[in-house]
Amino acid sequence: MSEHELDIKKILWLSRLKATQQEQEAFTTSLHQILNWVSLMEEVDVSSVEPIAGLIQAMPRREDIVNDGNIAEKILQNAPDKAFGMFGVPKVVE
Amino acid sequence: MTDLCKITLAKALEGLKAKEFSATELTKAHVSRMEDLSNLNAFITTTPELALQEAQKSDERIQKGEALPLDGIVIANKDLFCTQNVRTTAASKILENFIPPYESTVTQKLKDAGTISLGKLNLDEFAMGSSTLTSHFGSSVNPWRSKKFPDKKLFPGGSSGGSSAIVAAYGALGVTGTDTGGSIRQPASFCGIVGLKPTYGRCSRRGIVAFASSLDQAGPMARTVEDTAILLKVMAGFDPNDATSVNMPVPDYASVLKDGIKGKKIGIPKEYLVEGLDAEMDDFWKKGMKWLEENGAEIINISLPHTKYALPTYYILAPAEASSNLSRYDGVRYGSRVEGSSLDELYENSRSAGFGSEVKRRILIGTYVLSAGYYDAYYLKAQKLRSLISQDFTKAFEKVDMILTPTTPTAAFAIAIGEEPKDPVSMYLNDIFTVTTNLAGLPGISVPCGLSNDGLPLGLQLIGKPFGEEDLIRAGYVIEQAAGFTPLEFKEKY
Amino acid sequence: MKYIEGKTGPWEVVIGLEVHAQIISKAKLFSGADTSFGAEPNTQVSFVDAGFPGMLPVINTFCVTQAIKTGLALNAKINERSVFARKNYFYADLPSGYQISQFEHPIVGLGYLDIELENGETKRIGITRLHMEQDAGKSFHDQHPTKSYIDLNRAGVALMEIVSEPDLRSSEEVMAYLKKLRALLRCLETCDGNMEEGSMRADVNVSLRRPGEPFGTRAEIKNVNSIRFAGQAVEYEIARQMEILEEGGTIVQETRLFDSAKNETRSMRSKEHAQDYRYFTDPDLPPLILTKEEIEAVKASMPELPDSKKARFMSEYGLPSYDAELLSGEKENALFYESAVKSSTSKSTKLISNWMLGELFAVLNKMNLALKDSPISAENLAKLVDLITTDVISGKIAKDVLLIMAETSDDPEKIVEEKGLKQVTDTGAIEKIIDEVLSANPDKVTEYRSGKDKLFGFFIGQIMKVMSGKGNPGMINDILKKKLDA
């Protein structure tokens, strides 16, 4: 994995970020640095290890009660573009 | 009036109770101090009028004998906590105008206890950094100066750098921070104050702008262990609106402060003796062992064999979660927006203009390690390493009650503001002793232990068992007393 | 196994379905906001649903119960540990930039659903999994020439995605599967099954292969919102794919939409960039742990399911399979039928079924009413049938009474009484009328007796006419026969 394939354009697209050619090169360089550094992990055999995502407890649940909502004004108050009680975006073609 | 800023939170509480001074007097002193300290750039948003209004309410309650537990105590909050009707930016341009219509659980608890907030403290953008360098609002400044280069401004550490700077400089009695990989403990150590990262799930994450959800945890920062303990009691507790918060009773942490550590077993992990560990830091570590031993603890050598993989693990998992957590900043419902001719262009324009380069770098690395073809090699592998790192601690805690380590390998970044390295990895290395506790979900405290030859503060870290915060407070107090640390000299300005 | 004969040989159709069913619950899957339809935009939205910073999901326990219930009804394995994952993609109606779903560890594993085909056969369709996920918001495009507007009222409403094995082989099977699944969900009250309102929709995966060959490349027809459309879309897709394959072409793996106006499927404008959903465990949600006790408690609360109800209707009421199927398939039907049987004194179970499925349904159909809005109650239908079996009225009169009942909702006994529709069962009176009719038609009597049997019907008609239809047909028949043969 020392030669990390890195399709920077695809990663940028998936992240919805854009970058100039120069920025792309800079990102590629620093991403390579990071990937080279983390490749230290390769030396550990983890084939028999269960992954964990965090400290695990049983998940608490909520009752099926309507106790939220009816705050459209607050939901919309920070929106840069709003009309008709909704959020405005450039036309979405389906 | 500045005398009111010098006292500890515990003393302030006594003084308010004894009506030696009023909440309004205490608040006024801090409001004026806040202005004096403006060149530390510790605040992103200040709310002095609000603070004074609240102080008046505190005084009324105190007068009526209805004082709340922390009535009149002047604090400030890291600008990662959403505060109702007070701008919350996460130090990012993308949230520079965001006014939350809700309050985070932790800051609500602090309000409900009667505390008064001066405003919102600077941090690295979205808490991604260890210096405040990545803040859209500029770096904060460490009030400490090195003897060698007294003219150079130093970083206060990060990400909770505004928090550590303002507390060290006597600008607030205590503050909130958040810690994802060391963001409370490292700046606390760099500024010569106490910082405590509780067990994951001890404080609610609801209303804290998420960086890496499985690692983020709120905690207090203050000038003494006792003050930290007092704040933690109020901040901690189960929140039915956070499925990862833990339903366990909250102890009165300050009440165990002086219980001592007789018979406690303290582990010293050999793997923390890393290359790059300052010789003076190493000396203080040994001193720390001696102090604890002298107070009746037993020092035991332990091994945490997967320590060296902690940083790479962290720098995969945290960006992976962050890349997803930060997808919501798209310029549609809140936050800054740069128009585009299509929806995707709107997203790209808003996000590209709204995020700084370190945040972008972490989004990109996180996206990469989760993407098809790389998930197993990076994300899944890191999750498995996280298991191993966590298991290391579980095994160690079969033998010991706490673990003593340095908080950071060096004193306050020997790096001056403006001289930071371009290579991201060299900045990441700063988190080497702190990330392990986040990965394992364990509590950790940083207590100042002394000054380097260059006159900069150093901190020792104690790591506890899950929900072992009381142990940390007892042992932290022992170190605090034994070290006899000389706090920052009180000055009008720094 | 049925094959379709093409120009170049036989083809086997392979279809799998992914059904998205909105879970019936008061509040959303991860927030306390209301789920009901038709509210003002963004009024049923919490900060969690709108993806505000720091807002965290907490699961609605009733939605979990609903998923378990549905899984049990699909004869499926309920996983005691399941995990929520984030499916990451950017879209206008997806506020957080990810959908909380279940990926590697769904709440429900392998199961099956038996479907009935037109030829009377039963076919077992495998269920791969059922998982829970959030619905998205809605975009509106008509308010502005260059803008769309987003309403998040639906965002975060709980869905179940029910994935079948690729076991379906024809449009008929697809429709039977959807009908059966919908009836099941309705019976369980876990989903209302209203496809027009979008609370149940299907993604249909269709491919063709030569018999015995591995699976061919499939096309996915997204968001089909009626059972009929699903059938039509499959038919169209089979024809389209067969044409391409027979001409030596290859099928492109793609997402298609069904255009019901044109009765065709068409490719969705292929995206410039490939998707990569980057699923990973949602760090805001610990694993969902179910105890055996919890699963058992749901099991104990299960209603009788259509299949066992059908079997019971056949054994308990002696109904033929066809009647039992129709009566047990829809919850309302079963309820109506059983309350009619319960209140009936004659317990003519088959006759009640006949009258319900025949005359009553025809009347309701004509009035454009659903069974639940029927003006004729189950009790009154039972009374009507009782009037027939006790010879108070004839079946023919009963049809007229039913029409009056449909208009007035009256008790049939009252109608019969008031309108004087009771059958004449007095032998003397019937004989008297028969004698009159016979003596009025002496030549016809002669013709009949000389072998023109068909005239029997003529006499019946004449007698009934005189009696205004109220004569007991059996008695008239017997007496007339006796008199003519005498």
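To keep things simple, chains are lettered A, B and C as they appear, and every chain counts its residues starting from 1.
As a working rule, a contact is a pair of C-beta atoms (placed from the backbone, for glycine too) under 8 Å apart; a residue touches a chain by one contact, two chains touch by 3 or more.
None of the values given here were measured: they were computed from a predicted structure.
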item: A-B compared against B-C, more contacting pairs; value: A-B
item: Centroid-based (C-alpha) most distant chain relative to chain A; value: C
item: Chain closest to the assembly centre - both centres taken as Cα means; value: A
item: Distance from the mean Cα position of chain C to that of chain A, given in whole angstrom; value: 41
item: Whole-Å gap separating chain A and chain B, where each centre is the average of the chain's CA atoms; value: 24
item: Inter-centroid spacing, chain C versus chain B (mean Cα positions, whole Å); value: 58
item: Multi-chain contact residues (two or more partners), chain A; value: 10, 14, 16, 53-54, 57, 59-60, 62, 71, 74-75, 81, 87, 89-90, 92
item: For chain B, residues contacting two or more additional chains; value: 98, 101-102, 213-214, 240, 243-244, 323, 327, 330, 332-334, 343-344, 347, 367, 371
item: Residues of chain C whose C-beta touches two or more other chains; value: 47, 50, 58-59, 88, 90, 92, 148, 150, 276, 278, 280, 283, 285-286
item: Residues on chain C engaged by chain A in the complex (per definition of touch); value: 25-27, 31-34, 40-48, 50, 58-64, 88, 90, 92, 139-141, 143-152, 269, 273, 276, 278, 280-281, 283, 285-289
item: Complex interface listing, chain A residues touching chain B; value: 1, 6, 8, 10-12, 14-19, 27, 30-31, 33-35, 37-41, 44, 46, 49-55, 57, 59-60, 62, 71, 74-75, 77-81, 87, 89-90, 92
item: Chain B partner contacts - residues on chain C that touch it in the complex; value: 47, 50-59, 86, 88, 90-92, 95-98, 148, 150, 276, 278-280, 283-286
item: Chain A - residues contacting chain C, complex; value: 10, 13-14, 16, 53-54, 56-72, 74-76, 81, 83-94
item: Of chain B, residues touching chain A in the complex; value: 97-99, 101-102, 199-201, 213-215, 240, 243-244, 246-247, 306, 308-309, 312-313, 315-316, 323, 327, 330-337, 339-349, 351-352, 355, 360-361, 363-365, 367-368, 371, 377-378, 380-388, 390, 423-425, 428, 441, 466
